[in-house]
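Next come two complexes, and both contain subunit A; in the first it sits with subunit B, in the second with subunit C.
After this line comes the complex of A and B, so read on.
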């Protein structure tokens, strides 16, 4: 079918893109100043020790041999050992990935839940108090810096009111769910929810504000199209005119931005993660870069690259669903 | 009042309140349309034809507003149903469409009257199939008829909202239209001469040609079996052969169902081909009205005469076109004043024309009337206005 064929082709293209990412990430090591050896070896290491370390890490082989080794290892999902932690880089990354995904998805859900209805209400009640409220909110939301909002939420909700914990991620969503299903205890989910609420609001506010504005403007533009008048003329209930006809056509730019934003969130929301001491990919990458932990840097970048590619395929598939004129031929 | 009259518009004014000032798009317009006839409104661009059409189905959007007048529609059932709640809107079998609330009025759209629009390409939602959109119109009518008019107003508003939000946002289109309506959409497509309707019904507007889309729009307008069809420039965006096809379809359907058509166009040929009676519109007013023969063969208003005179005559080889000098007035309230709006372009303008003319019977009967002093009075060259009269008096 149309969709299957499309998905197959996009997956093939996606693999090419990922290969490009992998290669670039590999080359990055050779154009970045600072030798890996200098970071790994003790400051007073003798030249022989440095030589042995380089051999161990395979750093003295020609580039093309290193590249071949790297690709072969990657195909076996081996990203090498983290220089810093001494464990396989993939273990370190996949231990952090759920935290990042949870936060990204939670922030996206917050954004979708609030922004689209708010944008629709705002557009359909133009120049009324609700509209001014919504546009005011999106202006403030877009201009509020993340770190400030995070700190304020911690200060007010966490410290002054004492309603929610201020930082950390005690339990992951997976284990919390297991606890619920196998032992019937809701405490896990509850703790998880309490901890993710503030970070996802922090991360989701800009997102919500952005999509609200986008929805409002898109709706206003679509409401001016002549098919809307035709739809009204045939007597369709106004809710259907707005949601079935107008909102559907407004979804295309919204999905684009949603996809792009989610992509950046998968890269890790470094600032929010730092503020809330959230153990995600963002802080991991910063640590890895600071210590020239190349296997870890490479592995993280590849995971993020794959995430981007997957989201883009999903976005394109959604385009096809919402806009039948898109064919990708 | 005649028994045959189905739509009676009196003193209708529609204004637009823009930052440049108030625009009188339709100015105290009155007309009567009889059941089963094709009534044509003809006029230049900017004469208020389309606004008239939209006023009739109450689709005037901000900053526009219908500021005065009544639109009486004859429907005994409806009159009975709304008499209790809105006694001021009912007059015998007539219901004033401007005096009933929006949700009652909405229940009449598509079922009592529907509309064909000018540009078929932009009149369909690009992201839903044509069949879905026609089936919606069928569904509107089905739900209306299973739901007596008296209760419409009360049961409508809340029932759809939540479910349709979920259905429309997640699975657009799955919530509203039933499969019966879809079948009816196929029949309608067949009726307007779309080949392979079973297959076409699932295609999107961009897969249709302009002519086919216009036919699909006719099908959509007919879906609710309306009593009155308002066709606003139904053929303007089409090429000539397709125009003829669409007009034939309209004509055939009209003869078949006996519905009333209000045809709005700037094309005199379309009027001549289709209409029983005609109203000529200028600057928001009907300046001359009468039967097709009255108006086309014996035009009384100088504007109608000019309009008919501007048609190229194929028999008179080498003859030049006879355009009407000047432009349509701006309709901006501040610039309009209280004279005959055509006086500045009129070759026979007299001092009398500086006052707003009433509607005078032409040829002694009220069936053919013109908003012109000359309709009922002789032209007196001695009272003619100097040719440059308006150039001097108007602000630079």
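After this line comes the complex of A and C, so read on.
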């Protein structure tokens, strides 16, 4: 009940932000030097042809009419036609979306899988070699540019050792899973895994380092609280004390920071895709900007903005789950 | 704000923490490299020598196979290149000295990092204090705008803005060359202007949030209420009471932001959205297609970034441990 009310409120706020995003993205075209028609029309186009093209695209209308048209079209999921590919921009974008989602989810899994145990071990064995190792790793991890880490992984694992492929995504997770279920062949999943492994380590390392650091510091702080002594005094096993009570309270600041860092995850995905030629939204948006493909630029920015708002709502809901006192007033 | 107390706790923490010392040493080293680059460089970082392209760093050898015409016949010859002291970190595909480029790259990173942070802090703190101090509609409006800005991942917004505005650059004359102290070095240092402005634009929000929070809490303090009832103007209250009280958390945030912005600049240069070619990120992108043959081109500038950012993060940790401000968002030298 409380959660439903919260979600409704938060969604309403989210819609306002998305409207802001759409407006900003729309205005982006007007602060860009050079007129849009110059990028669309062929170099040798006659003035009449340019005129007709501009009319076709609605570029002659007053700005508020263009804005209204834009919003109305967007509500019908019509982002216009990609100037380069001649297909609806939304088709192009949604075809690329799964690749980026897979990468972001895989990186998050990598990060959570390694960071929380590492942080807990580090905090419970303070000033032991394992703690120094973990602390050193997290310092280097948050200081390394992920694109360089990716290039180093390509150099060592791909080029020198030749263990893993270093670019492209041969098969998506969906088709790979279908292959496994309907034909019982594991080759699809295997190829998918080999290709996503290096990119997800590249994208996930920063977050592994960050969460390790947060978990360690949070655990140390919580372990000094009096309630820990009480649960111990009640005779609860040490493992239960650490993993259930202390870790649960440590999760609250971790989730706060993760929420604030989601932009880093998406930005990191853009550059990781570029390093590994991963056919996702990131490589798409860079291509679109370089060729001034307006519908594609605007569409991708809006999809990223909406995705970001949705992720933040989910993070807030998680926050509420871990910290029942929060009311979001 | 008691500066003496701040100074004392900084010194005490510095004495206690070996990591703080390491951080200060690393940052000093990078600053000296950047400032005195014209003296430390052995070759003009822009000078090309195609006959010396792709030479390995000193102490390394590189073997490549080359097809040559010997007595009218094509023969495959194995060519071994040994790294020399002349190019201690090797050369790139244009035969440019990686070591000298590393030194000049430090200039670009620090210029953009410091200037970008300063602009972001100035804009963010002003907006944040005004929003927090006046509260109500002003606050709502400014913070909703901040939410929209935050809805774009910094790197994505930066790519879009620079890609669309075009990378503009300003040439800053090198004082050492102008004074005639060194010759054969670039006469100007290029400041990538669009990049600097855009990284400030995508990062001011963090400063606004911290300053707003501080302003909100200071506003309710009794001495501020007292000065207001004595007729102090809003302007005076903001400058005399709200601003000084927000300085500690802003200082800590600014340190972390320098690291964030240096990483962001390197990412933008790597993707080709920059106004200068003397940049660590640009050099990394140059070595990317040559990984199989010339590993050093991408490796060296990357190490320089890691060392610099580690230094800044250690100093950030030192300031945070000493001053203990309560900053939402904790550390994070993220890619933006």
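Just so it is clear, the second predicted complex is superposed on the first by the 320 of 329 C-alpha atoms of A that agree within 3 Å, B and C clash if a C-alpha of one lies under 4 Å from a C-alpha of the other, contacts with A are read in each partner's own complex, and residues count from 1 in each chain.
Simple rule for what comes next: contacts are C-beta pairs under 8 Å (C-beta built on N, C-alpha and C of every residue); 3 or more make two chains touch, one makes a residue touch a chain.
For clarity, every value in this text was computed on a predicted model and none was experimentally measured.
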Answer with clash or fit: subunit B and subunit C placed together on subunit A by superposition. fit
When the two structures are laid over each other on chain A, which of subunit B and subunit C touches more residues of subunit A? C
First, second, both or neither for A:51, with subunit B first and subunit C second: neither
Thinking of the overlay built on chain A, is A:167 touched by subunit B (first), by subunit C (second), by both, or by neither? neither
Determine, under the contact definition given at the top, whether A:291 touches first (subunit B), second (subunit C), both, or neither. neither
Determine, under the contact definition given at the top, whether A:233 touches first (subunit B), second (subunit C), both, or neither. first
Touching A:271 in the superposition: subunit B (first), subunit C (second), both, neither? second
Following superposition on chain A: angle at subunit A, subunit B versus subunit C, Cα, nearest 10°: 80
According to the stated criteria, A:66 is in contact with first (subunit B), second (subunit C), both, or neither; which is it? neither
Where does A:260 make contact in the superposed view: on subunit B (first), on subunit C (second), on both, or on neither? second
So in the superposed three-chain picture, is A:206 touching just subunit B, just subunit C, both, or none of them (first/second/both/neither)? second
Superposition result for subunit B with subunit C: lowest C-alpha separation, Å, rounded to 11
Footprint overlap on subunit A, comparing subunit B with subunit C: none
Touching residues (chain side subunit C, partner subunit A) in the complex: 144-145, 147-148, 150-156, 159-161, 163-166, 259, 263, 266-267, 270-271, 281, 284, 287-288, 291-292, 295, 298-299, 302, 305-306, 309-310, 313-314, 328-336
Subunit A to subunit C touching residues, read off their complex: 16-18, 20-21, 24, 28, 31-33, 139-140, 142-148, 151-152, 154-155, 159, 206, 210, 213-214, 253, 256-257, 260-268, 270-271, 274-275, 285-286, 289-290, 292, 297, 301, 304-305, 308-309
Seen from subunit A, its contact residues with subunit B in the complex are 116, 225-227, 229-240, 243-245, 247-249, 322-325
Subunit B residues touching subunit A - in the complex, by the definition given at the top: 54, 57, 59, 61, 106-111, 114-115, 117, 119, 122-129, 133, 136-137, 140-141, 144, 156, 160-161, 164-165, 167-169, 172-173, 175-176, 204, 206, 217, 220-221, 223-224
